[in-house]
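Consider the two complexes below, in which chain A is the common component and chain B and chain C are the respective partners.
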Partner chain A sequence: MIDNLFTAGGVCGILILSIPAHAYSIYVSNEKDNTLSVIDSENLEVVETIEIGQRPRGLTLSDDNNLLYVCTSDDNHVEVLDLDSHKVVNTLPSGPDPELMALGPDGKLLYIANEDDNLVTVVDLETNSMTTQIPVGIEPEGMGVSPDGKWLVNTSETTNMAHFINLENLEVEHNVLVDTRPRVAQFSPDGSEVWVSAEIGGTISVINVDTKEITTKIKFEVAGLQPEEIQPVGLKFSASGERVFAALGPSSRVAVIDAVNYEVIKYLLVGQRVWNLDFSPDGKYVFTTNGISNDVSVIDTEKLRVIKSIKVGRLPWGIVVRP
Partner chain B sequence: MQIYKQLPGLILKRKVCRGIQAACMLCLLTLPVNAQESEPLQIRIAMISLDEKPHLPLSLIDLPVNDPAVPGAQMAVKENNQTGTFTGQVFDFNHYLVSEDYPVEALAQQLIADGVSLLVADLPIKELLTLADSVDDKGLLFNVRAQDDELRNQQCRRNLLHLTPSRAMKTDALVQYLVWKRWQDWMVIVGRHPQDQAYLTALERSAKRFNGKIREVKPWTFDAGSRRTDSGHVLAQQQVPVATRGQDHQVLVVADEADEFGEYLIYRTDSPRPVAGTQGLIATSWHRSHEQWGGTQLQRRFFKQSGRDMKPRDYAAWMAVRAIGEATTKVNTADHDQIRQFLFSSEFKLAAFKGLALTFRSWNGQLRQPILVVGPRMLVSVSPQDKFLHQFSTLDTLGYDQPESGCQAFNQ
Partner chain C sequence: MLMKTGILLSLVLLASYVCSAQTQQDPDWPCIQVLVPEISAASIWDGPSIEEIADPGIFRPHARELVSAVVEKHEPLTESQLDKYIARFDADQRNAALTFLFNSLLDSFNSKRHGQIKSIKLYTKTQIKSARVIERLMEQKVELENRQASAEQLAEVESQLHWQKRMFKEREKSFDYLCELPQEIAQQAGEAARAISAKLAY
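Take a look at the complex of A and B:
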């Protein structure tokens, strides 16, 4: 019930948020508005709205956290935003319709999924040029780099696979069949597992990185919701690797998963059509983008409660927290 | 390479996408753990269409489609083959074009004798039922064209799955939207063809279900005539106000599946009323204006391949072959019985750019699917609408639900 009140955007005034000493910023891409909303951690309010290219979706921070890479899908490139001046300082070639990307281990290479061309594009960030394109399955989407920098896992939405790309020779070496319409791939902090969400399949597949086999499939069930409404998309590990927060799309829920025994601890009601999420640097909060209700929900990760919703632009999609 | 006998009155259109060659792009990639190192599993699909003259749309803006449905199936075959390179499966696809007087039974027997048991049927109801009955339990058919409600009721067949939505699903989708808008009072103008009458019947059922009111039904009595005429607008401007004069109503609903006059009604009605039905605001499984839920990719991919926009029949054929691919990936066999069993299991979930998993109704083989409600140039809404509830799946508020279905063949 409490959750309900806050998602409705109602009574937030009485809340006193204990905000950590280190201030940070939250960047949200608004797919419909062609803008980024900047939320300040002090008051958890939008402090700036930045104009950007068309249909901004995936967001990735540079290694030093000074630059933000933005997939501007309808412009068919990636825009580079300087986070001190909030100005676009560069555009990167990306191949058509870039959606999600991942930064290489040393921060020098950016890997971008091109949905239209069944390719993963590799961009050298020192020369700002495209170096390689790797053919993968149909409609590449999710991108995850292993902590040791050995593997890039890309998901293909229509082929229903997780492709393991060896980052030394840039070749696809393993393909793992997952459930229908895989979206996001995330490595556990220790690099032993990669978790892949399947939007239409309604599951998360846990893949053992050594054997490349699915060890567990996590399923979801929410009382009062029809199963097809539960569509896992964005997911993030806590720094310790003990918990995973998974955004469940049109069910407007975030599942909190115990990553040790693969059980859902709690479903949190957030805004409508929750797509992606990210942790605060201290791990105390998770922020989610809710596409249809045009807001960001703030989750207290200790109490497992939604404590605030912040109005942003239209169709918020991607989210990153800059320490 | 399989050689098919040429039958009189039958055109073997072309052989497309023989597995490995078609799936070239990924050939260099290694196979996954579950792939067959030896012979790949061959899955053979035949598509059967009628050799007809292409329909000339009334609006000159719409280009005639010379190759309905086939490119949709071809694209899905390519996609299946791409996945097949990882799973050790090869999809073989042949398209058969039959002339209207050709005995469909003969083709059915030929295909079964050749060991082809997965059939994509782009056929009207009569030929479709003949094919289904000749194939009997030796094959599985995927209907990508016939919308007839009787195929989902008394005339259902156990070996026949419907990818295309029924008329009732489409009128339910449209009516839900009109009722949601509280535009509940209608006048209906109905054309002279049996399918126009069938649309009216479906509309009457939907009106009863969702509390719409048909104030008056009027026939369109003017001759259809040719689509290109000098000064044709003068005639239409005179005829339409006469045809649409009558009881007060909020929406003019047109039943003109044959596409002979519906387009004339818009902006010419006696009272200033929106037009919906088979023209104006329509309910359809697919439309160029739809790009939600990743639809952009399917639209672009199809245009790149075919040089035209994807139409509902292409979409249904694409879904049919994708459904086969989804099944064979999981059951790893070309056996149509096992494929059928999988398609009706809770494991089967088709991703078809509609925002949720599509599944088959266990009582009549109809694919559950959201239906687009679109104007001539833009997507307006997607049904089922909010607040139309159902105890199992809101998608079952569209079309014949289990308790009202007259289909018996699926009870066995």
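Take a look at the complex of A and C:
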């Protein structure tokens, strides 16, 4: 029941006992507060709030997990946070209005979607300089790099496309039309599929990476909810690739999807306007950012239950778990 | 050429909001947030259903007081208010009373939100009309320049154009604020739902 979400003191007590020996941290960008909330895995509580640039949204860890790249959209750059000192140690030239980004396969290049400029900016992380910009569709947003490092898939919100960018020549080689306002692109761990969520379309398109064709469209239906409330946004594959957790926006639901037969196993009630999510390093928990209720929901991935709500700043947006 | 540039400019002024409206298939909805006409109970509540309540009439007068305070007077729903409300009923009526209160609050929040959505759409229509006025004034200005009209005539049109543009831009600034209002109501409704839900007996 819903009280489990918000008054889960007793359940939390049990959870504390079950926390793994290797603690980890959860970083949340609070878009309206210009801060990052740091949640400690041991108590699942906010232990620090870090001032950051204006309108922080997308978050990405460096290859060695020692740096956090933060899209500070209204400052038109990416801030680099040292995760030991929690100080901003650098800024990267991202191009205007950076929203989401993806790290290249060798960790040396960062690909950044510039929502206002219809470009993907490529930044060399060794020199902290922009190397090139790739023209894509209108309002680029979602960014996913294939596990083999061959493809970058970028979604464009207004053009309703998933653009396949060849990372060898940095050219768009294929465009796949998906449903309205595509948001997030995620490759399956084996690299055979890329899943693209469509916020207004209310679907997830499953694209075969070899043929560049949509093989399945996953639709959602929750009793008592209007179709407009079901807005797929954030997506994450489990490490095994067997399940996908999908954030469904104002429906306040996370859909747990069987990634083998493309069926929804369960809808979990989380906080309001659930936007992005990430797994704990051991895969036992999923953490979601809820932009209207200003909290992070904690999902037990084995029991498929929401076990806690953690209050963070205003308009929580991006989330990453640092092992 | 100049006329075309002018027309283009007035259209550009509306571009961001019109684009948003186009993608959302509602020409009068200007916000980047997808239009959700109503907050469904299921999006914030998984307690008992209102249909399960046998005699809702007994809760109505007491719930009305709280609805008035929370929705109309913008006051948060406090724990002491909820405890006082629950204390008015027998223990076996507790969940029904709380469910009725939630539904009454949601109806009222939705009604208020519906009014806001209507106002935002009206505001968009006003801006579109204003853009058309700017467009016509720009055409007039070009026409006056082409036929080398008097300086007074030209100054009059330029003055009107200046004020119309200024008003348009000032009103444009309100969109960000206006578009957040329905979300604020959803937030208040969610907070109330969670507070009530925490009092349900299982």
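Methods note: the second predicted complex is superposed on the first by the 307 of 323 C-alpha atoms of A that agree within 3 Å, B and C clash if a C-alpha of one lies under 4 Å from a C-alpha of the other, contacts with A are read in each partner's own complex, and residues count from 1 in each chain.
Heads up, the rule we're going with is that a residue touches a chain if its C-beta (ideal position, glycine included) is under 8 Å from a C-beta of that chain, and two chains touch if they have at least 3 such contacts.
No experiment lies behind these values; they were computed from the predicted model shown.
Novice: Overlaying on chain A: chain B and chain C, fit or clash?
Specialist: clash
Novice: Check the residue A:225 against both partner chains and state whether it touches chain B (first), chain C (second), both, or neither.
Specialist: Touch status of A:225: second partner only.
Novice: Of the two partner chains, chain B (first) and chain C (second), which one does A:307 touch, if any: first, second, both, or neither?
Specialist: Once the two structures are laid over each other on A, A:307 reaches no partner at all.
Novice: Based on the superposed arrangement, let me know which partner A:46 touches: chain B (first), chain C (second), both, or neither?
Specialist: So A:46 meets neither chain B nor chain C here.
Novice: Which of the two partners, first being chain B and second being chain C, lies in contact with A:137: first, second, both, or neither?
Specialist: first
Novice: With the two structures laid over each other on chain A, which partner does A:292 touch: chain B (first), chain C (second), both, or neither?
Specialist: Once the two structures are laid over each other on A, A:292 reaches chain C alone.
Novice: With both complexes overlaid on chain A, does A:251 touch chain B (first), chain C (second), both or neither?
Specialist: In the superposition, A:251 touches chain C alone.
Novice: Between chain B (first) and chain C (second), which, if any, makes contact with A:272: first, second, both or neither?
Specialist: Touch partner of A:272: chain C, not chain B.
Novice: Tell me the contact category for A:180 with respect to chain B and chain C: first, second, both or neither.
Specialist: In the superposition, A:180 contacts both chain B and chain C.
Novice: Regarding the shared-chain residue A:88, is it in contact with chain B (first), chain C (second), both, or neither?
Specialist: Neither partner.
Novice: When you line up both complexes on chain A, which piece of chain B, out of 9-17, 27-35 or 63-71, runs into chain C?
Specialist: Between chain B and chain C, the clashing stretch is 63-71.
Novice: Share the list of chain A residues that count as touching for chain B in one structure and for chain C in the other.
Specialist: On chain A, the residues that contact chain B in one structure and chain C in the other are 157-158, 180-181, 199-200, 226, 228-229, 231, 250.
Novice: Can you name the residues of chain A that touch chain C in the complex?
Specialist: Listed in rising order, the residues of chain A that touch chain C are 1-3, 5-7, 157-158, 180-181, 199-200, 222-226, 228-229, 231, 249-252, 269, 271-273, 292-294.
Novice: Looking at the complex, which residues from chain A come into contact with chain B?
Specialist: Touch residues, chain A against chain B: 97, 115-116, 118, 135-139, 157-161, 163, 171-177, 179-181, 199-202, 212-213, 226, 228-229, 231, 250.
Novice: In their complex, what parts of chain B are in touch with chain A?
Specialist: 25-26, 29-34, 79, 82-83, 86-87, 294, 296-297, 300-301, 326, 329, 349-351, 355-357, 392-395
Novice: Tell me, which parts of chain C touch chain A in their complex?
Specialist: Going by the criterion above, the answer is residues 19, 23-24, 34-38, 40-47, 183, 186-187, 190-191, 193-194, 197-198, 200, 202.
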